[in-house]
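To start, I am sharing the structure in question, which I have written as structure tokens.
Letters A, B, C, D, E and F mark the chains as written, and numbering starts fresh at 1 in each.
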Amino acid sequence: MPGLYITRREIFSASHRLWNPELSEKQNIEMYDKCANPNGHGHNFVLEVTVTGDVKKESGYLMDFKKLKTIIREEIISKVDHKHLNSDVAFLKNVIPTAENLVRAFWQVLEDKINGAKLFSIRLRETENNTVEYRGEE
Amino acid sequence: MPGLYITRREIFSASHRLWNPELSEKQNIEMYDKCANPNGHGHNFVLEVTVTGDVKKESGYLMDFKKLKTIIREEIISKVDHKHLNSDVAFLKNVIPTAENLVRAFWQVLEDKINGAKLFSIRLRETENNTVEYRGEE
Amino acid sequence: MPGLYITRREIFSASHRLWNPELSEKQNIEMYDKCANPNGHGHNFVLEVTVTGDVKKESGYLMDFKKLKTIIREEIISKVDHKHLNSDVAFLKNVIPTAENLVRAFWQVLEDKINGAKLFSIRLRETENNTVEYRGEE
Amino acid sequence: MPGLYITRREIFSASHRLWNPELSEKQNIEMYDKCANPNGHGHNFVLEVTVTGDVKKESGYLMDFKKLKTIIREEIISKVDHKHLNSDVAFLKNVIPTAENLVRAFWQVLEDKINGAKLFSIRLRETENNTVEYRGEE
Amino acid sequence: MPGLYITRREIFSASHRLWNPELSEKQNIEMYDKCANPNGHGHNFVLEVTVTGDVKKESGYLMDFKKLKTIIREEIISKVDHKHLNSDVAFLKNVIPTAENLVRAFWQVLEDKINGAKLFSIRLRETENNTVEYRGEE
Amino acid sequence: MPGLYITRREIFSASHRLWNPELSEKQNIEMYDKCANPNGHGHNFVLEVTVTGDVKKESGYLMDFKKLKTIIREEIISKVDHKHLNSDVAFLKNVIPTAENLVRAFWQVLEDKINGAKLFSIRLRETENNTVEYRGEE
């Protein structure tokens, strides 16, 4: 195992509403409180994607940060930035957009797109106090 | 002039959409680009309110930070946090919620509520790269 | 293993003094230097508590951040914020309040209080340059 | 007026207690709440000192940052870092160590020590939410 | 006076060497110390450009942040990012690239390029402890 | 296993150029893009060194932060701060100074110098968006 990791940070601004359509309004409000506000609310989500792998001797890179940036922007950021996560994003259809569900959905999207390295962790900071991390099924 | 200022930082998470109903869809998209997305998007808005005044000899305070915090939370944060700024906030009715218009509206709300000190500046950081500040008509 | 983690950040402002009563003054000053100042000093301690577990299908939450926040505030923050850690905190009695001892004491307090998830890590940032992390006996 | 400013940031960790000895215990607790805790509490205080002046053609400096750093460290930081502000600092004797009183006391100390430039502002961030600034009598 | 300001933050990574060719090596080393290292050193420079003006009623903008970003990137960032400031930048020819001289040179470049608003301030953070600001000749 | 970690943060300002002398200019530019600029560019590199070990009962320390700081400053910072990493650093001779190669070189330097604790991780933040971490061969 190489023991080497690189992490790329990207930011997107989106809105969402936490609501489980299979539950009653009363249950939703009990569970999600102000996050259930009908018209939604939003965040500057800070996304950190970590990949692991070997250093290539020729380049001294594990993976070119520019390539990692391009993959994240094309596959994730272009689809969620300045969007409403409940209605505007194809790969989030029928997903309750909690931070936990978002990182797992992002993992599905990114896992096969990282060439020459292995996806290790996806962190999502929803506010400066609340962060979620997913490392795949271990 | 006392030359003394205290600044309280508060954060709120809200969504908004930039759209001028008096213009055509084409004009709105030209002007607001992705900020005109019909379902809106959101931010963690960082609000900094600065007041100026004299130090009270008895307390050594210009103004108790707890009082300033309470005023900001009651008058602003409780009304905009986890809300959609276009539809959910009475004092923003008919306001296009750009950062510039938000700080001016917040000024209207706060100006008369600060007792024993004078409102000096309201700053609003919409993203880590974009900040607006209002100091009242000078 | 779910591979999923959520982290809640809280801040408290406290004072402490590093002093081992079983050692001489000379030994204490050699070991703790300016941290042994008789009247103590203080920090804004940044506390990050990470828990791990499965996502609940109904809520899309690993654990409600509001519940995690409430546990941390009731069990830790209310007892250490604006306090002197050597004299004012029952669960720190006879503990030299180094950052290392603090995270281990916080672990004892929190471990059984986290319901529906498992305590994974406690990080404590004493200054912007010095951070301690505890993950329990492994 | 040159319109040019340089700002040096320094950090110190100190404890303090807010207490006016001329008032009763009841009055102090009403005024200072948890900041009146008998054993004190503490912060990582972030100090920012801004000076203004002309650029010297030879050096391209307004004032050498190293010199400004040395002045701040010798005159302020060495005297307040890892100290109790109520009891350990000669220039704070009989001062209630609120942030407002601290910046004004620091101004007294620094004003005549800045050679070849003019002290313009002293900011003190007590927590990430509470900041005080002093610009001298205007 | 409108009392309204917007600030755009941009970052560039560059190297420089502080050296006055009209002085001796001894004088340069006395004045610039480790900043005079022959092969240079570098920073992630944080640039903040503030403009002031009126809100346009139609847009609710003082100035479109996207336009301000484009001007800063075209006129400054594209010319200094990943460059050596002593040798690679036409508008810095014969300028000792201290932070003070950089903000004044950036002002020359930007002043006439800001349309529909007035340049108010340029701040440059060289390290997290050292920041320079220029507001033009006042 | 103790499950306890302490992390020390240090910052250095350096310049570098990414260039593999065994490849053609065309290949270097394809691979390194603007990082191949002949005169180099620079960063404020944020270095975080994490060590693991047991708490010593006498001190309550895993390892004295001051000692860890001294080791990092003597062995790394004094050799790379305000330097050009391609030409000025003996232990980086013949190393292409990518962030990946830097953390591995720092590991070689530090591994045997940490007494009474075990080196666990070295993180290097090149920009606020790009971070590399090395944990040794696992």
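Just so we're on the same page, a contact is a pair of C-beta atoms (placed from the backbone, for glycine too) under 8 Å apart; a residue touches a chain by one contact, two chains touch by 3 or more.
What you see is a predicted model; the values in this text were computed from it and never measured.
A.B. asks: Looking at the contacts, which chains touch chain C and chain F alike?
C.D. replies: In this structure, the chains that contact chain F and also chain C are A.
A.B. asks: Same or different: do the copies chain D and chain E touch each other through matching residue numbers, with over half of them shared?
C.D. replies: The interface is built from different residue numbers on each side, given that under half of them are used by both copies.
A.B. asks: Fit chain C onto chain D over the CA trace and report the rotation angle, somewhere between 0 and 180 degrees, nearest 5.
C.D. replies: Rotation angle between the two copies comes out at 180 degrees.
A.B. asks: So the centre of each chain is just the mean of its C-alpha atoms; given that, what is the distance between chain B and chain D in Å?
C.D. replies: So the centre of chain B lies 28 Å away from the centre of chain D.
A.B. asks: With chain centres taken as the means of their Cα atoms, state the distance from chain B to chain C in Å.
C.D. replies: 34
A.B. asks: For chain C and chain E, what's the span in angstrom between their mean Cα positions?
C.D. replies: Averaging C-alpha atoms per chain gives centres 42 Å apart.
A.B. asks: What residues in chain B touch two or more of the other chains?
C.D. replies: Residues 128.
A.B. asks: Tell me, which pairs of chains are in touch?
C.D. replies: Pairwise, the chains that meet the contact rule are A-B, A-C, A-F, B-D, B-E, C-D, C-F, D-E, E-F.
A.B. asks: Where on chain A does chain F make contact in their complex?
C.D. replies: My answer: residues 1-10, 55, 58-62, 64-66, 69.
A.B. asks: So in the complex, the part of chain A that touches chain C is made up of which residues?
C.D. replies: Residue positions touching the partner: 18, 20, 22-23, 31-33, 95-101, 103-104, 128-138.
A.B. asks: Per the contact definition, I'd like the list of chain C residues that touch chain D in the complex.
C.D. replies: 11, 13-16, 34-35, 37, 39-44, 81-84, 87-88, 127-128
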